[in-house]
Every structure is written in structure tokens, then in C-alpha cells.
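Here is the structure we will look at.
Chain lettering (A, B and C) follows the sequence in which the chains are written, and residue indices restart at 1 in each chain.
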Amino acid sequence: MHVDWLITLFDYFGIVIFAISGALVGGRRRMDPVGFALVGTVTGVGGGTLRDLVLGVRPVFWVEDPSYIIVCVVASVATYFATSHISSLRRALVWADAVGLATFAVLGTQAALAQQVSPVIAVAMGVMTATFGGIVRDVLCDDVPLILRREIYATAALVGAVVYVGLDWTGLDQTLVMAAGFAAALSVRAFGIVFGVHGSDAGTGAGTGELAAAE
Amino acid sequence: MHVDWLITLFDYFGIVIFAISGALVGGRRRMDPVGFALVGTVTGVGGGTLRDLVLGVRPVFWVEDPSYIIVCVVASVATYFATSHISSLRRALVWADAVGLATFAVLGTQAALAQQVSPVIAVAMGVMTATFGGIVRDVLCDDVPLILRREIYATAALVGAVVYVGLDWTGLDQTLVMAAGFAAALSVRAFGIVFGVHGSDAGTGAGTGELAAAE
Amino acid sequence: MHVDWLITLFDYFGIVIFAISGALVGGRRRMDPVGFALVGTVTGVGGGTLRDLVLGVRPVFWVEDPSYIIVCVVASVATYFATSHISSLRRALVWADAVGLATFAVLGTQAALAQQVSPVIAVAMGVMTATFGGIVRDVLCDDVPLILRREIYATAALVGAVVYVGLDWTGLDQTLVMAAGFAAALSVRAFGIVFGVHGSDAGTGAGTGELAAAE
């Protein structure tokens, strides 16, 4: 029960963070406020929706509990008003995305293991849950997908998921396992952002670690 | 039974309208005729497919009744031949999309309420069903998504869905409720198209209300 | 049992081929190696995932058997190392995509018929399964979708699916029916690639049959 409570808190946290990241991208596009909330909501619940569809959980998690959608809309709208005077949102976006990525890498893996799938599938589901919301956000907003950037990105989700599966197997306390997976994923992604470390072979350009502005 | 018949008619109407809008976008791209019919079909049934997947209805509506796919293919192919001599399809596309948007805002909300979900989820489902087909169409065709435009767009779907849920709650006749939701959504969108009204803060440019041509 | 074995072999074959095509597109983008494997995996299992979701098969095929994901990751990573010295990957990509297209046109149709759907739906499912992985690959990688090109593309999947359904109805041996559908789809697509034949009305440019390089 203690852990269930932690998972729920974590879940809302990740959803809010990704909803904000969606709203930040939408804000750069000056879209219709409802479109704005729509992008925020899709980014927030997208990863978990795909996870539930693929695992065969139905209906998907937010259909039976409207609070997820309400939280996404509120977070998106709050971001809309909070950011109207901020000129540069890029750095905030990159970090919000990083925290959401780490959160959902852990939660996606955890949800998959709860369905008794194999460790490989649990890791795949963690990576998928962590990256899907951001991919949809970037595709919807016609932005350069973060996953396409040469810095370490999907690798961070993979590391978080692997750490979670590995420690979960040892029987450690769930809270510790979740914290370790989250910290591992966030550290790897932060390393990529701060130092602009490329996962691929050394290419052109220095890479500032900031999202390439599309406009 | 009277209402079921109306819903079915409305459903085919929306699907045909969106299939035509998909075919119009495909026509600008001069794609393979089968790709053309594929884009028209995906635009036509896309919103309802996502709605069924998320609600857990399986298989999705068109799998058990081939007439939906046949109608989409026929509408797409008819559009292909009908438009070969028309030089500008932009205005037709924007209006077809508006009518489809209003139709599916009502039908998506109605289908969700039929599954006993909360009003918030029903509204979210109406907006999602109304906008998803057009989003997929624009992403597939590498076009500027209508949802990204600064005119009122997703807001129209939201208004239609809210009007539907509100009036449905009063116990009014279903036919009236559907007509009111449809009229509300279409009016709001028409207002956005005709006057180029922006949902977001006043930006640059006048906005003609026409789809920005990608080529 | 003989046929089941053939279907499984065919399935892995198509998945590997599409995973390679995803890795080839990712390779042009110099992405994070895990992002690379993610794009390869999504391209490999994407068509079948959508097919299972729409048909209501749950969980989707790869959740209960990790070998599909492992095979995709291995194929992607192998492609990564194999291609690091190759300067032009375009032609390999176009042909890998063609073989995957033909394979999944047959398998998607076959899987749909196994669920007792009507012939029209089976053909639609064949086209959808064959084209979806490649569409997601191109959208994720911000590439010009192959389906948008004027050469014959989706038509090839349609021909393969129709040949499969037609011959299956005659009661011929499954192995023959599958081979005929595969050969039909691949021939039509090869014709489009080699001669740059356009499905749409004669347009501008000759069309080399190669994927337009995005960079």
C-alpha cells in the first residue's frame, strides 16, 4: 500500500511534467489554447496509453479516472499563463522532458512487470513508455524530435529500466528500486544534456545540449 | 431506434467527409492512388479507431462491418477523379475538415457516454475523436497540421462536446442534443475560418482562414 | 503445422528486414544507438502491433514472446556496425523496405483471415500491416515517407493482399498462396522502383526509384 501510494504520486508527477513539456512546445507555436491543452494532455498520458494498449489493459488507465485528464489540462493551462512573459523556454523544456523520461522509464517497467511479462519486455515497455509521449508531442508540433538528437536520450530510459529490473530481481525494497531507476535514468540524461555527449560516433558540431529551436 | 439510425447516418457522413479531406490533401501530393485511398481511409476511420482502442471496444468498429472501409475507398477515389481539374482545393479542404470536426465531436462524445464514462472523459473523447483523423492525415502527408494553426480549431471540438454533454444531461431529445452539439462546433470553427480569429494572443499576420499551402 | 512453421519463419524474416530498414534510416540521422535500436524495433513490430490492436488480439504478439524484440534489437545493432563504412545506404533501404512490404502484406492478410473477418477487411489489414511500420519509421526520423512518393508503393501491398485472398479462397495449398502473394507484391513494387513508374498521373521529374535523400 505504501508502494502503491508512491507509484500513484510518481505517476501524477511524471504526467504533470510531461504535460508541461507539451505545453512549452505548444507555447512556441502560439496555438489555439485548447490545442495547447490537447498537446499537453497527449504528451502527459501518451506513454501510459500506448503501454496499456499493448499490454491489453482496457480501458486505458485515464478512462476510468478523470483526474488524470483534469491534471493535464490544469498543468497545461497554468504553463500557458506562467510562460507568457518568458522569452526562452528551451532549457526548461529539455529539463522537464528529462524528468518525465526518467519517471516513465521506471513506471513503464514497473507496470509491465506487474503483468508478469519477461524482463526483456519490461525493459522495452519502460523505454517505450518513457519516449512515446515526447515523440507524439514533437511530431504533433512539427518540432525536431528529441529522440533524433545526437545526445544520449533513449539510452537514459534504457539504463533506468535495466537498473529497475535488475534491482527488482534482487528483492530490494520497492521504494529504493524505484528511486535508483529514476536516479540512474536522470543522471544519464543529465550527463547528455550538460556535456552534450553524443551516443553516436563523433559527428559535426559541438551540441549545446539545448533543444534546437525550430523558429 | 430512431436515434440509432441518426447516429449511423451521422457516422457515415463524418467518415465520408473526412475521407474526402484526406483525399484532397493526398491529391496535393500526387501520391500513388492506393496511397491516396489509404490516406482517405485512415483520415475517415482514424478518430473512431483511437476512440474504440482507448475505450477497450474490440475489435474496432470497422473490422466487423466492411462497409466503412468500402465507403472510405469509394469517397477517396471519387474525390481523386472529381478534383483532377480543380486547381485550388484549399477552401474545400478547410470546410470539409470543419464539418468532419463538428460531426465527430458529437459522435465521439456520444460513444464515450454510451460506455458510462464520466462527463470529463466524454468531452476529452469527443475532442480526441474529432481531431485525431485530421492530425494523422496531416502528419502522413507531411502537411502543416490544422491543429497548429492559430485560428480557433480544437476549441470548436471542445465547445461541441461540452454542449452535447450539457444538453444530454438535461434529458432533451437525442436528435436535438446531437444537432445542437454539431451546430455549436461548426459555428465556432466557421467563425475561426471566416474571420481568421486567433485563439492565442494576437500574433503576426492577418490569417486568411485558408490552409497554408505546403507547395 | 507445416504452414504455422512457415508463417513464423516469414514473420521473423519480415521483422528483421523492417528492423534493418529502420536502422538504415536511423543511421542517416546519426542518432543515439538506443534510439537507433528503438526505431529499428518500432519499424519491425509496428505493423503487427497495429494489426493486433485493431483486431482486438491482446496483449499484442511481442509481449508474450521476447524473441521478437531481441531479434529487432540484434538486427538494428548489427546494421549499425555493418553500415558504418558504407557511404550510400539508399538503395539498400529501398529494397529492404520492398521485401518487408511484400512479407507483411501477406502476413497481415493471413492474420486477419484467421480471425474470420470479411475479405475486404483482410485486404485492408494486409495493406495496413505492410505500410504502418515504414510510415512510423519515416515519421519518427522526419524523413520523406515512402508512401508519399509518386512511384507505385501502397498499390504493391494491395496487389499482394488481393492475390492472397483470391487464391486462399480457391483452397490452394497455403505455402503456394503465401508465395504467390509475396511474389505479386514484390514484383509490383520492384517494377515501381526499377522503372520509376508512377501510380498517379504523369508528373514532373523522372523518378530514379531511389529514396529522396533528406540530407
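One rule holds for everything that comes next: a contact is a pair of C-beta atoms (placed from the backbone, for glycine too) under 8 Å apart; a residue touches a chain by one contact, two chains touch by 3 or more.
Quick caveat, the model's predicted, so the values are computed rather than measured.
Where chain B touches chain C, under half of the residue numbers in use are shared by the two copies, so each contributes mostly different positions.
Rotation angle relating chain A to chain C: 120°, from a CA superposition, given to the nearest 5.
We define each chain's centre as the mean of its Cα atoms; on that basis chain B and chain C are separated by 29 Å. Residues of chain C in contact with two or more other chains: 53, 58, 139. Every residue of chain C that touches chain A in the complex is listed here, in rising order: 29-38, 41, 49, 53, 58-60, 62-64, 66, 69-70, 84, 139-142. Residue ranges of chain B in contact with chain A, taken from their complex: 53-56, 58, 115, 117-121, 124, 127-128, 131, 135, 139, 144-145, 147-155, 157-158, 198-201, 203.
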